[in-house]
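Look at the two complexes coming up: chain A is in both, with chain B in one and chain C in the other.
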Partner chain A sequence: MAQNQASVAPMGKGKRSKVVRYNKWGYIFLIPFVAVFLVFNLIPLISTFYNSFYENYMDGLTQIGPTFVGFENYKQLFSDANIWKFSANTAIMWVMGFIPQIIVSLLLAQWFSDSRLRLKGSTFFKTVIYMPNLIMASAFSLLFFALFSDSGPINDLLVNKLHILDEPFKFFSSVWGTRGLVAAMNFLMWFGNTTILLMAGIMGIDVSLYEAAEVDGASSWQRFVRITLPLLKPILIYVIITSLIGGIQMFDVPQILTNGTGNPTNSTMTLIMYLNKHLYSKNYGMSGALSVVLFFITGILSLVVYNIMYRKRDKEA
Partner chain B sequence: MRKFKKIAALTLVAAMAASAFVGCSSSSGSSAAGGANTDPTEPVTDASGEEISYRDQLKEKTYDGEGSVLNIYVWNDEFISRLSDHFPGYEKIDATNGKIGNVEVRFTKVENTDNKYQNNLDDTLLANGANQENASADDKIDIFLVEADYALKYVDTDYTMNLADLGITDADLPNQYQYTKDAVTDSNGNLKGISWQGCPGLLVYRRDMAKEVLGTDDPAEVQKAVSDWDTFADTAAKMAEAGYHMTSSVNDTYRVFSNNVTSKWVEDGTINIDDNIKAWVDMSKEMVDAGQTGTHALWSDDWSKGFYQDGNVFCYFGPAWLIDFSMACDQEGSVGYDGGWAVTEGPQGFFWGGTWICAAAGTDNQELVKDIMLCLTSDEETMTQIVEKDHDFVNNSVVMEAKATDSSFGDEYLGGQNPIALFCNGIETVSLENITSYDQGCNEEFQNTMKNYFDGNYATYEEALDAFYEAIKVKYPALNVPE
Partner chain C sequence: MSEPIGEVKKSVSTHARRVIAYIVLIFLSILCLFWFYLLLIYSTRSMGEITSGITFIPSTHFAENFKNLINSSQPVFKGLRNSLIIAGASALLSTYFSTMTAYAIHVYDFKLKKFIFTFILMIMMVPTQVTVLGFIQLMTKMDLINNFIPLIVPSIAAPVTFYYLKQYMESTLPLALIEAARIDGSNEVRTFNTIALPLMKPAIAVQAIFTFVSSWNNYFIPTYILKKEDMKTIPILIAQLRSADYLKFDMGQVYMMITLSIFPVIIVYLILSRHIVSGIALGSVKG
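Coming up: the complex of A and B.
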């Protein structure tokens, strides 16, 4: 990041050097970042790896360990079916939320940035769709929990007002009901944010390209697929990778919505909620191992997404 | 942004947990009781030969020979106010500081939510060492409070002092309810804590539904319809026919079963399901399938719907504080507002809530700790004061029974019924011989996995049991599960 900057000193001033170096400022400005990164990221990261090789937890007030156990924690982690189940839960709920999120966001971003449509009050709507992101996920979850409870307003509406159902639908006792709610909340919270990002990307595209395409008789769908999407790729990659990481770290919404239980039958238990469960007994060994696994999953998935997206562009080019 | 949200989320998790525990540690009874002074110490007389009361003796003490700071760990103001209101010679300085004799009293208050209180206490105890040898004299913990759910976690270690070593014996505590001793007796049979309150629970039922379905709302008659779990099930069927739920949730009856187990959750390091717990599962499954109850959590909105007139719940199980503080009885439209509830003993006795005082090992204020314990938990004069001022149900059968026969006392929420006698009866039978330090986690996880079974998400009990074992392995890595 540091750029070596040099400038030529004014003529006729001293004989030592005609070049004044500014690159030390680059390093000085980097110090805060490096310090924060070391203390809050790198050291915890390394200690997580370190902890994952030890048996170390509390049994009541008795500390068990730390004893070096090699890969025992990893063995235990992968020997039981839970980790696969919880990974699948996380993936399912992320996909269920992300697909509508990216579609709606693309659509809205396109509409909002299309000057031809002359949408009225677009500033107002841009603000409104961003609003859910401003509410804390926890408050949002509590709201949904109240709305969709067995005798909550939604059931009241469905049964007593609209007469669609004969008896209340128990959202939180239904696997897909609860997963659907988690996905819907993630979608609602994040589509506004994604829209704004994509809009910024779309508005960065040279208008003359669209004009040229129009002169050549391209339809609006063709303009979208042939101009907008390819040029939007860097932003799209950014959006996909950040929400992927966010998805892998999904915690707050399902945690609060199900009161930490991952009900029904652990079908909404995400990997981070599982991690959180290990901390009940301060099980640093197992939670360390799980964190390391998460670290690799995140890294690998990000690389995969990055490579797929860029390889395609290289081919096209 | 996301990071920040995570923090915010955690805070809210904490807040939710807090709401789940609201009311757990308060109890109530009310006015007027008498009783002779069964002074725990030998009678002391003054120069003229007149007896000096225990409280007057305490007033004179300065505790010079002891540590100059008394550190007390608490999670709310309840104990602070009990001590400052009822311990003779306590001078209040501010909300968390006071003085007894020449000893400075320092309260360290950490919220109970999200295990914060326990975490802080654990860290301090571990840092101070088993006998607090690593702490300076002023930082030594002298007293800390615990709740029944996790009392044994501390009691069964060397971090708590044996009360006998303080000079408190069973002879000093003749009128305490047995369960309050069981809760804080370690595996070697040593008493290691003490409580000033009792939280016996009763079956709280709706008078109007009792009249409609059972033909009477007289507690003695209604008791016949709920005297054991078989008749309870028959009544539940009758209630369902009339369109009512017997209980709001399966979790209402859980405590009654779990307080009456005959084996422990953990036997020899292996998880064990008591027959009574299994009985709860069987009964609850039948009730849920028959539409006689719900599966929601305690303290949820669905659960508390039945507190109001338009609710359809026949009964709840709860102690006095549930009726007084949780059932919205002061709100118009609630059942209790018009005195619509009544209480009866129900199938089995149980308790809910309560706070215990433990002396930390290595305390340098042994005499003062002993005096505080005896004054608040066995001195009848003090305990009568507590009943009169704070409406606690105190841990003293003599004081409470005096109130039980007080005909002038009636609870307006219960249509004028005096419930104290019933509370006193129910609590005699509760035994906590079979508690372990793992109870809190086991109970929570068991109720949670069984909810899934009741809802039909697990096809069989065995499947639910497996899920329970999985959850326990994560929560308590040291425990084994049955093969």
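Coming up: the complex of A and C.
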């Protein structure tokens, strides 16, 4: 940068007009992004909003609407007990996966970046724990469905080999069994990713702070609570909110695991599975209203992320 | 006197912590690998062996299961081919055009630059699911159902890929270099293609892998676009397998199908893991 400025300075005015001439290329190079964004993101977003104000669904084989109904779809959406139940399902399964995820990730990140522990094979461990993140969620779910089925390998292991259970545990007939599996899969798929993000954050903390604390006789727990956690706060919030946005999108795992039913008794039906149901039954009014609500929730969460993580950088740029 | 005791105490506690760390790490590694090991074992077993109970020793029916799956009603090979085309094309387009977008923001100074950059960062986290309704309707109107275009072209506008590449560009592409190319008479497009792109190779490779994998794994949107049997991708076939009458199915084939959809990604990952793992944090947190 400095070099560049030095070469600009002596050339003076002629240079500036040349720069302006080049700068139109900034717009030209942005054309693909902007064009694709407008067509494939913005227009669909606008028409999703538009749909949410129209009554438009199939009643058997008859098409009802589209008729403008104002906020009627929203009223219907929120007066139906389903939306609250499915929001609660989504929240419960997210929390069940996220709490162990953040605890384990903090612990591992702390260990990996602790120079005094000198852990051997940390590259191997990081490679292994990140791997599930790249696995196709639908295939992983089908695998879990097969392994945890009533007469599947896991029940065989628990009953006949390890003798922990007297009879097979019916995971997919039990509310907490199914929710537990969804949460466990989310945990497995995401704790490696979170560990690596938190580690990057911990590595960014000034080592001299730890050295000073050590001289003052702080224990490793005190160093973690008093130095690591407070300085890690922005990244922790980033991790929590991005994970929350990911949780709101929860779909593949419960969809495949329960074959789209959300069974037992709708206890694993998530918000996006609900959206999927409306889309399949071609109820565009309700899908629209639900999409718009989800857009606002994720949009607000995104703004929070933007404010903590990127605004400062942006000002510098 | 007190000093050496303190030292001993400290080294004992460090030692204890190290032991605990190893135990926890080994436990978590087993937890991550167990399922895939079991999957591999089961893909080598015949239907009869599978119903006879769990084992951790591979059997001999791998080739047989593979053959049975290919000859089954599931269009597996077409599915693999479709997934490969869509994921490959998405990775190429996404990285090329995201580099171009990053280049526009990094190199040039123009009125809307700050606005566009801020805008991209703000929409970075908004999920595509919330616009899927409008997306399906638009694709239907444009007659793009049963076409790969709606699954490939949107990857050109990829805010996360853009942001990662922009970050990387700041540290590897000095503006003086572009200045020098201009003085040598290179036009802007040529400078981008022959100077900026090659310099960005390592970052492009990492992002190409991420885009490929997320497109390969994508399930939600393709189900609405790909309706024809021989255009479907692997995740759609997996879902169909789940909703088929499960008990009638040869489980050896089911495990083989899962193996085919998961292991290509695992193998590529293991080969390139060093670059991937070090690239994860860069895009999101740093800065």
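Everything that follows uses one rule, which is that the second predicted complex is superposed on the first by the 252 of 317 C-alpha atoms of A that agree within 3 Å, B and C clash if a C-alpha of one lies under 4 Å from a C-alpha of the other, contacts with A are read in each partner's own complex, and residues count from 1 in each chain.
Throughout what follows, a residue touches a chain if its C-beta (ideal position, glycine included) is under 8 Å from a C-beta of that chain, and two chains touch if they have at least 3 such contacts.
Since the structure is predicted, the reported quantities are computational estimates derived from the model, not experimental observations.
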item: Touched partner set for A:298, first chain B, second chain C, both or neither; value: second
item: First (chain B), second (chain C), both or neither touched by A:69; value: neither
item: First (chain B), second (chain C), both or neither touched by A:83; value: neither
item: Chain B versus chain C as contact partner of A:235, first or second or both or neither; value: second
item: When both partners are placed on the shared chain, which of chain B and chain C touches more of chain A; value: C
item: Contacts of A:200 with chain B and chain C, given as first, second, both or neither; value: second
item: Chain B versus chain C as contact partner of A:150, first or second or both or neither; value: first
item: First (chain B), second (chain C), both or neither touched by A:213; value: neither
item: Touching partner for A:259 - first (chain B), second (chain C), both, neither; value: both
item: First, second, both or neither for A:139, with chain B first and chain C second; value: both
item: Set of chain A residues, in rising order, touched by both chain B and chain C; value: 136-139, 141-142, 146, 151, 249, 251-252, 255-256, 259-260
item: Chain A - residues contacting chain C, complex; value: 1, 3-4, 7, 19, 22-30, 32-34, 36-37, 39-41, 43-48, 50-51, 104, 107-108, 111, 116-119, 123, 125-132, 134-147, 151, 153-154, 156-157, 160-161, 188, 191-193, 196-197, 199-201, 204, 220, 235, 238, 241-242, 245, 248-249, 251-252, 255-256, 259-260, 272, 275-276, 279, 284, 287-288, 291-292, 294-295, 298-299, 301-303, 305-306, 309-310, 313-314, 317
item: Complex contacts: residues of chain A adjacent to chain B; value: 57-64, 80, 82, 136-139, 141-142, 146, 149-152, 170, 173, 175, 246, 249, 251-252, 255-256, 259-261, 263-266, 274, 277-278, 280-281, 283, 286
item: Footprint of chain A on chain B - complex, ascending; value: 2, 5-6, 8-9, 11-13, 16, 115, 122, 125-126, 153-154, 156-157, 159, 294-297, 300-302, 305, 437, 441, 448, 451-452, 455-458, 467, 470-471, 474-478
item: Chain A-touching residues of chain C, taken from the complex the two chains share; value: 13-14, 17-18, 21-22, 24-25, 28-29, 31-33, 35, 38-39, 42, 51, 53-54, 97-98, 100-101, 103-105, 107-110, 112-114, 116-118, 121-138, 150, 153-154, 156-157, 162, 174-176, 179, 182, 188, 192, 213, 216-217, 219-220, 224, 234-235, 238-239, 241-243, 251, 254-255, 257-258, 261-262, 265-266, 269-270, 273-274, 276-277, 280-282, 284-287
